[in-house]
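In the two assemblies presented below, chain A is common to both, partnered first by chain B and then by chain C.
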Partner chain A sequence: MNVVVTPAMLGQVVISGILSGALYAMVALGLALIFGVMRIINVAHGPLLMLGAYATYFLSTALGINPYLTVPVSMAMLFVVGVLLERTLVFRVVDAPELSSLLLTFGVSIALVNLAQLLFTSDLRSVEYLTGAWVVGPFALSKSRVVAFVFAGALTGLAFLFLGRTKLGKAIRATSQSREVAMVCGIDVQRIHLVTFGLAAALAAAGGALIAVIVAIQPEMGQIWTFKSFLVIVLGGAGNYPGALLGGILLGLIEQVASLFLTTQLSEVVAYVLLVAILLVRPTGLLGGRQT
Partner chain B sequence: MSQRVALAAPVAVALALAAYPVVASGYEVRATLQIFMWIVLAGSWNLISGLTGYVSFGHVAFFGAGAYAGAILISKAGWPWLAAALVGGGAAVLLALVIGYPCLRLKGPYFAIAMLGLNEVLRALVSYFEGLTGGGNGLSLPTLDATVPIYYVMGLTAVAVTVLTYLIITSRFGLRLMTIREDEVAAEAMGIDTARHKLYAFLLSAAGPGIAGALTARDQGYIEPISVFPLATTITMIVMVLFGGKGTVWGPVLGAVVLFVAQEVVWARYPYVHPLLFGALIVAVVLLMPRGVLGILQVRYRLPRTI
Partner chain C sequence: MTTKALAALITAIGVLAGGLPAAAQGPIRIGASLSLTGTYAKLGNYQNEGYKLCAKQANEHGGLLGRKIEFVVYDDQSAPSTAVRLYEKLITEDKVDAVIGPYSSPVTEASANVTEKYKKVMVTPLAATTSIFKRPPDKKRYYLFMVISPAEAYLEGLVDMAAKRGLKTIAIVNEDTLFAKAAGDGAAELANKRGMQVVFREGYPKGNQDFSAILTKIRAANPEVLAASTYFDDAIAITRQMKELNVNPKMYGITVGGDLPEFYDLLKQNAEYITGATQWETTLPYPGNREFSDAYKKEFGREPVYHSAAGYAGCVIYLEAVKRAGTLDSDKVRDVLLKLEMKTAFGDFKVDQDGFQTAHKMVTTQWQDGKKVIVWPDELANGKLRFPTPPWNQR
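== the complex of A and B ==
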């Protein structure tokens, strides 16, 4: 396969990569938060994103609300779902061996996907809004992707402001650094876990709401997001929140550059080879270990 | 006395099953063949996840890899199916080496998530190398009615996996694996080369699914990506092991038999509710009876750990 890469193509690829990378970063930040604070990898993260996409679909088609206005509603709904999940199931396995939390969230993820299949059927659904692209010079910018980028950037910024400036956010970071010390300082760790899980589900829901306008919605759309979000935090370094931003943008760029040379069919293979290679060469991630 | 029973009962069951195809109908032989397959799959998953505590969310990948390796050898190179099945097992072990070496050196969930993605990757690769695999159109094998011989080979594989589990659990190697499961840092401090032990367990756990995949491909005569890489298969083997009792010899066998029969008799009538139930069952077992049925019996009746 001989592909001549022109500078314009490369520019286009870089732009597309950054646009989708911001979404990856936002969704992965949720997974990274849960992992940092509770030491759990939430396998159900992607299915929560799927629920967020369905929330936007039904709000915008049944009630006729502008899909972008449904983003906060969808986030709020999934925040509640996240809190309920934590309070009923996940809190029971926080200190259990890894096997328990992985299997539990795996079971939840299967149940959510199949529940969605029962309730919403496997039909592909889509939200028709903002189709087409803006043409700027030699580049074509898909409108829905640009808006998704702006939303993702703003929400991720807000999340970092929350973590950096508010008392609750600082408590979350403190718990993530050391649960025992946080507890000694008077932080209600149970409550922090609850808020973190809700927040992470809300970030996943935002991702789902934004890609509802871009790709087709179906019950199994989520699982690949669990994998990609995990890849993003491996790239950036587990427990390193700014690392998730870098990892997200990098994953977006790598996928887009790879699509220049390979068929899009193989984009998941590229992401996978990347994961294995990173684990082989630099298992602590590009930015190194835990810092918050 | 009880030791004699413990030895005589499995031998009697094995003899009865060996004579079974003579009297049974085609459907009954096929159903029993399926049970053997599930014993192989569940028993193999138990070797890595039950013994070391490293959860494999993509064990069906080895089944699929074995199925494709075997089917390609049979249909394109004209190999006899028995040899192809062994090579299918070998291919799965090779794949396990490539994935296991980088992912098992680390602690934590890296391995679990890497296995979660593996299935999708293999599916994409099968579609990409269309010339060899037939892509989405699938791959047809020359017609051959070999269900009864395959029944015996699959049965032997099931016995082999179960005996292997017994040998491992009663060996020093098995003790080391279980030490890793209970406390990996302590295991390392005791001088166990944890990465290497995990890798060995993982390689052993890939062989059975690879052979079972190739045998199933031969028996069904046609494979396609959806039929040999379903996530549902991984879910089913996990549920079987958790239900029966992870880390035990007979737990996977018990889980495979009970859940397969339940699936055929009851849940087949409600095809959509069934995977939802499996998800709920995983959650319930993890929270309510993490040791599974056999684990509970072991504690209550003080049965030996080698059951």
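== the complex of A and C ==
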């Protein structure tokens, strides 16, 4: 009863996989940054993404701004939210055992979701801006996903440029390598933590803003992105920034190809079995652990 | 003056005043457990309002068997186990004269064991799961009666309209949960019966938002009809991604969600041509439907939904059966209900020997220029199906 897979179909899902993979990579880069620099697994990463999505929704529907122009605004807003969160709560658990930071960010995550339910209600909302597809030969390229891919690629590129070329970026990487040595070299580690958390929240917000144009949004949309980002950084190597790129694209491809050959239900199983397998066989991730 | 004499005097006055002997007997008490709080609260309250309106109207028209009707309603907090306890209490402690159904299939499934044990007839207006009624002979339920159409009927309209237009191939997807799967199974069976070929069938997990791979397979299978047994979020996601992947069957229908105004609000013109299924609409030309809607709005200050109408109808049907039987005796009321054919504001009622609903019709709606038009069945339709569906960029 089910269909035979043709090369054209495989091509189509590979395209879909790469398009969503770029988004995964960008969002996961935020999680990887926080983990690398602060040794914290930020469970609230997904809910921050959700806030970014709502920022874009309200800016584009209430003020009539082109949703793609709201991406930087959304990022700036969430940068501030990230900085505030770090300054009020997260800094307290940086040196605490990892369980404390997990619990704290888990609490923040629940609070953000419930706050969103109160403020925005649980109704689905959508930004109907760029729907439909460009048809190229046997392939359909979703317009909103292609634009999201371009944005994600550009923003990830910028983030890497920032980390590799600027003084602040280098300081972040230095802190990630060794906090003590960075401190000895005169880097203000507190400030680095602040910037890192803000930057990570901004990357999540960019993801949320782009996703808002692709799917309908609601307050609980974020959690799944925490899991996906976690999967991505385990695949690529926790704390390894280029690894997040590879992990993102890989996760996108695995999900799509597994759904094609098996079923959508089994594709989730495949992704998480892979997670367990990698943790067992190569716990440092495909590209190895912390390196910058 | 003794109490006895006083009672006699009051009775005498009552008789002289043309009052009914009923007054002395007290009201008929009908017990129900409803989900007034908890997960199903929103819908359980609609059902409760349906019951209330039915009782109020019946009392205005002289009550039942010459007695007033009174509902004894408890809150089961949407928990089947609580409902079981409450029906036990209603029957054994409160000694109600009759019972009527709770909200939802799971709660009915649990409560029916109690009402069967005490041989109480229970019309259960909001249980749509076939397996509650269709059971092996040694576990048969004798006193339970269904009012709404079963899950399997949700896609009947889509399949029927497609078959009538000579379409031959259908793809079916469903969320992999009890109700949605049953609706998908129903569609597959109906399609086979009508000589259509099911070219693709797949379930997806609850909460799934990415349908690219499923839709890629559907595009390759190239069906003339796509039937999606959905709730709401998934219906939105599937529709948007169909456009993204340029999946364009001649007909595309969904189950739950497609009839909600929010569906059009979110999808705008992309919702055009899509069909949805529902148990009931305010606009349907059933006897007393308009009067019901008007009275309901006046009484509760909000529009009725199908849960209100089904609750109302379930109560009306039970009262009619008691009236015809002339007694509250369970076995006699059961005999009447098994033979009863009735039209209410909610539509037709007739059950088979298992108490399973066979007459009530689902209706299929289609979005046309932003309006929800009933397109199936023909005798209830207020518009014609727009067919075939044009390419996405021409909607």
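As a convention for this text, the second predicted complex is superposed on the first by the 284 of 292 C-alpha atoms of A that agree within 3 Å, B and C clash if a C-alpha of one lies under 4 Å from a C-alpha of the other, contacts with A are read in each partner's own complex, and residues count from 1 in each chain.
One rule holds in what follows: contacts are C-beta pairs under 8 Å (C-beta built on N, C-alpha and C of every residue); 3 or more make two chains touch, one makes a residue touch a chain.
Being a predicted model, the structure only gives us computed values, none of them experimental.
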Scan A:V215 for contacts with chain B and chain C and give back first, second, both or neither.
second
Taking the superposition on A as described, I'd like to know which of chain B and chain C A:R125 touches: first, second, both or neither.
second
For A:G107, is the partner it touches chain B (first), chain C (second), both, or none of the two (neither)?
first
Scan A:T263 for contacts with chain B and chain C and give back first, second, both or neither.
both
Between chain B (first) and chain C (second), which, if any, makes contact with A:G164: first, second, both or neither?
neither
Is A:S20 in contact with chain B, with chain C, with both, or with neither (first, second, both, neither)?
second
Could you tell me which stretches of chain A are touched by chain B in one complex and by chain C in the other?
224, 263, 265, 268
Write out the stretch or stretches of chain B touching chain A in their complex.
49, 53-55, 57, 98-99, 101-103, 105-106, 108-110, 112-114, 116-118, 120-121, 124-125, 127-128, 181, 231, 235, 238, 242, 272-273, 275-276, 278-283, 286-287, 290
Footprint of chain C on chain A - complex, ascending:
1-6, 8-9, 12-13, 16, 20, 123-126, 128, 131-133, 135, 140, 142-145, 214-216, 218, 224, 255-257, 259-260, 263-265, 267-268
Interface with chain A, chain C side, in the complex: residues 176, 198-205, 207-214, 216-217, 219-221, 232-233, 236-237, 240-241, 243-246, 262, 266-268, 270, 392-393
For chain A, which residues count as touching chain B in their complex?
41, 43, 89, 92-93, 97-100, 102-104, 106-115, 117-118, 223-224, 226-227, 230-231, 234, 238, 263, 265-266, 268-269, 271-272, 275-277, 279-280, 283
